[in-house]
Structures are given as structure tokens and as C-alpha cells.
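The chains carry the letters A, B, C and D, assigned in the order they are written, with residues numbered from 1 in each.
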Amino acid sequence: MADDTTLTVRFFARLREELQTDTLTLPLDTPTTAGQLLSTLAQKGGPWAQLAGGQPVMIAVNQAMAKPDTPLNGGDEVAFFPPVTGG
Amino acid sequence: MADDTTLTVRFFARLREELQTDTLTLPLDTPTTAGQLLSTLAQKGGPWAQLAGGQPVMIAVNQAMAKPDTPLNGGDEVAFFPPVTGG
Amino acid sequence: MNYSVSVQHQDFDVAEEYQALRDSGAGTGAIATFTGLVRDSGDLQGVTGLFLEHYPGMTEQVVTGLIAEASTRWDVRKARVVHRVGRLALCDQIVFVGVCSAHRGDAFAACAFIMDALKTSAPFWKKELSGEEEHWVGQRDSDLARHRDWE
Amino acid sequence: MNYSVSVQHQDFDVAEEYQALRDSGAGTGAIATFTGLVRDSGDLQGVTGLFLEHYPGMTEQVVTGLIAEASTRWDVRKARVVHRVGRLALCDQIVFVGVCSAHRGDAFAACAFIMDALKTSAPFWKKELSGEEEHWVGQRDSDLARHRDWE
């Protein structure tokens, strides 16, 4: 459950499968950005390392497209996913 | 009934109504063109005069779009009509 | 390439037309359709109906030629054109154009091309009816320009 | 402007969608529709089905935004988008986009714009299935280029 001191992080499609994770709830101690969060997650190693480079990762913050320098606030929902391919 | 010595001449839409004619069968004595036929018909006067100028008249010969200099042969079907407005 | 053209007095059923287009093989990824309806304003305001006339025989040849031209320019797996003639009421269906292609770009382009080209080269004429008033519709410069844009 | 967006597992009925679009008032002269189907070849050959995933909540917002953008650029009297998710078989319907306008140019443009923009900005992901094989589809440069062409 997201509140003012946590972030909800969601993964979709190939990323969801490779990270074997669809949702994480993380404490938000200090101001950060979507890009910094990606770097932090990449340090978990294994399949998480791909978040630091390689295949492109798209970012949404509160269900709107965002960029690596988009600031994150407590309670935000952040999502990481591959380029979209619907239709 | 068209045969080798006659032309069938058809009129459509506004022209058909104003000329009060949908089909004419004319003898074809000498080689002619669609444009010459238009001039000849315009000489009938009254509403026929419009065929010599004024509003644009489109021409088809044997059911394909044609031009004033398209030659006419015995047995041909010639049609005169206003610009098309379907769809 | 599979195609069919009908000019008819009776109404058409878009559901049936669409089902026939869907039955065009597993290579079809895209179906684009267009339907034209009788609107309440054209050259006249307060249009209550239309009367449509055509040149039987020539119409079918011209429309078949437009479909053939579209299929040389784009991937067209199946194409269908239905055009009504006679007296139509407000909101009635006038024309249907449907195209199946492998990809959406081809389906949209071929469908729009056939419709635009039909407007300026198929021998149909439209008379607007508004109460007692009747008015043969004039050709629109915008229609000629849309057709030229495909050249 | 009247619009509606659905993301659903179940199939949709183009006949029903078309009837709802027709019911858009006597000012509508043109209805353009697009339907996407599961094709037998994509990144893989011999595709037997697809699995489609989306981001619930964000998808609806993005697609609604695309319809709103289309309606600032063209006359849009009614617009409808249906997109399926989950497991789909060969030849199944994937997506429907329908637009009503006064004129055909606006209907075609708005319908094609919504479809092209959806492909590159709505959070849907497609996995191709071919027998035992599974493959997440990559974004196509041609799709990005088609979306940029509208800018």
C-alpha cells in the first residue's frame, strides 16, 4: 500500500518476466529521480543489471510517460517497461 | 439500337433533366470527334446551347472518360454529363 | 487480389461486408473501412434527402479500375465497394469502401485512395433535396485537390 | 465530442461498434474504422497466436488523450477504441478504432492518427506465440516513423 513515505514500482512485459517481479514497494528516504531509482535497482545484479543500460527502458510516473530526470515523490507509482507494441 | 452507322448519345443528371433527353440515336455520316458532336448538338438552341460553353461538360466514349478531340466511330456510345459528385 | 463492386438501390449491411472482408486469409492484419452517410448540410442547409444517379456499366468499370490501381500501389488482399443510387433519406448509408491488407498503412491508404478517386472519377451524381427544393450538387475543388494529392 | 475506450479480454463485435458510431447525429457524413487482426507472420513466421499485456489505468488515460488530441486537430463527432488483452488466436480481432466526422478527410485522418499514435504511446505489449516458441515483439522503426509523420 503506497503512502507518503513509499514508492510503488511496477514492471511490465519482458521486464516483468525477466525480473520475476510485477510490483515492488520501496521506502523513499531522500528525494530522487526515476533515473536514479533505475540505477539503484540495477545494483541488485543478475537480470536487474539490464536496467542500467542495454535494452531501452521506458518510464511512467503516476501513469504518465516520464523521463530519467522526472523527480519522484512519496506515494508515487513508478513503472518501467520495454517500448510499447500494441495495436 | 446502335449499329455501324449510328452513334448512341446519352445524357445524365442535370443535363439529362435540362435537355429532357436521356438517349439520342444519331446517324454518323462523316468522321467526327466528341467535341464536334457537342457543337452540333448545341446548335439545336434552347437548353442545348449550354453544350457549347458555360458549365463544364464531361465526356465518355464507350464508357471510358474521353476528351473533345476523341474520335467517334460508328456504333460508339457517347455520353455527356456534369462533373461527377458521388460518394 | 479478391474484389467486388456493387451499385444498388437497396441498403447495405456493414456487418455483412465486414465479415466478408475478415474472411480474407491469415495474412490479413488490417481492415480499413469507410462509410458515407447522408448529412443534414451540403450545398444546401436542412438537407432532408438525396437522389443519386449513375451511369450503369461505366460506373462498375471505373470503380474496378480504381481498385486495380490501388492494388498496384499498396498491398490489397481484398477490396469491396458498395454504392447506392436512387432516393436516400437523411442519415442513410450512401457508400462503403473496405480494404484488407497485411499492414495498416496499406489498408488506410488504399481505402482513402479508392474513396477520394471515386468522388472525382466515378460517374455518380448527387441531387440534394431540402423540402420542396432540389439542387444538383456541384463538384468541389477540395475533392479534386484530394484526388490530385494521390498522383 | 462523444468518445469511449475499452480494454478487455473478450472479443468485440464490429457490427455493434459500427451501429453505435452511426448513432452520432445528422451532422455525421463519414465513418472511418480500422480493425487489427492476428496475422500469421510478424517478427516470427508461422505465428499461431499472441499474448497481449497492458498497464491498466495508464492505457485508458493515454488512449483518451490521443482521442482528445485528434479532436483538436480534426472534426471528430464520436470516437471509439476497443483493444483486447490476454491470449489471442490466429485471425482474432485485436483492436478497433472508429471515428465519425462531418467529412471523410477528417474521419480518415483522425482514425489513422489514433491508431498510429496508439502503437507507439499506449502501454500495450505483444508476445508472439509460434508453437512452443514465445517472443516479445520489438518496437518497429516504421511505427515510430508513422507517428512522427503526424507531428
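By definition in this document, a contact is a pair of C-beta atoms (placed from the backbone, for glycine too) under 8 Å apart; a residue touches a chain by one contact, two chains touch by 3 or more.
Here the structure is a predicted model, which is why all the values come from computation and not from measurement.
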Chains adjacent to chain A and to chain D under the stated definition are none
Relative to chain C, largest Cα-centroid distance belongs to chain A
Averaging C-alpha coordinates per chain, one finds the centres of chain A and chain C separated by a number of Å equal to 49
Chain-centre distance (mean CA atoms) for chain C and chain D, in whole Å, is 23
Rounded to the nearest Å, the gap separating the Cα centres of chain A and chain B is 73
Flagged in chain B as touching 2+ other chains are 87
Where chain D touches two or more other chains simultaneously, the residues are 36, 104, 115
The chain A residues in contact with chain D across the complex are 10, 12-14, 16, 60, 63-65, 79, 81-87
Listed in rising order, chain C residues that touch chain D in their complex are 14-15, 18, 22, 26-41, 90-91, 102, 104-105, 107-108, 111-112, 115-116, 142, 146
Listed in rising order, chain D residues that touch chain A in their complex are 36, 52-55, 57-58, 61-62, 83, 94-95, 115, 118-127, 136-140
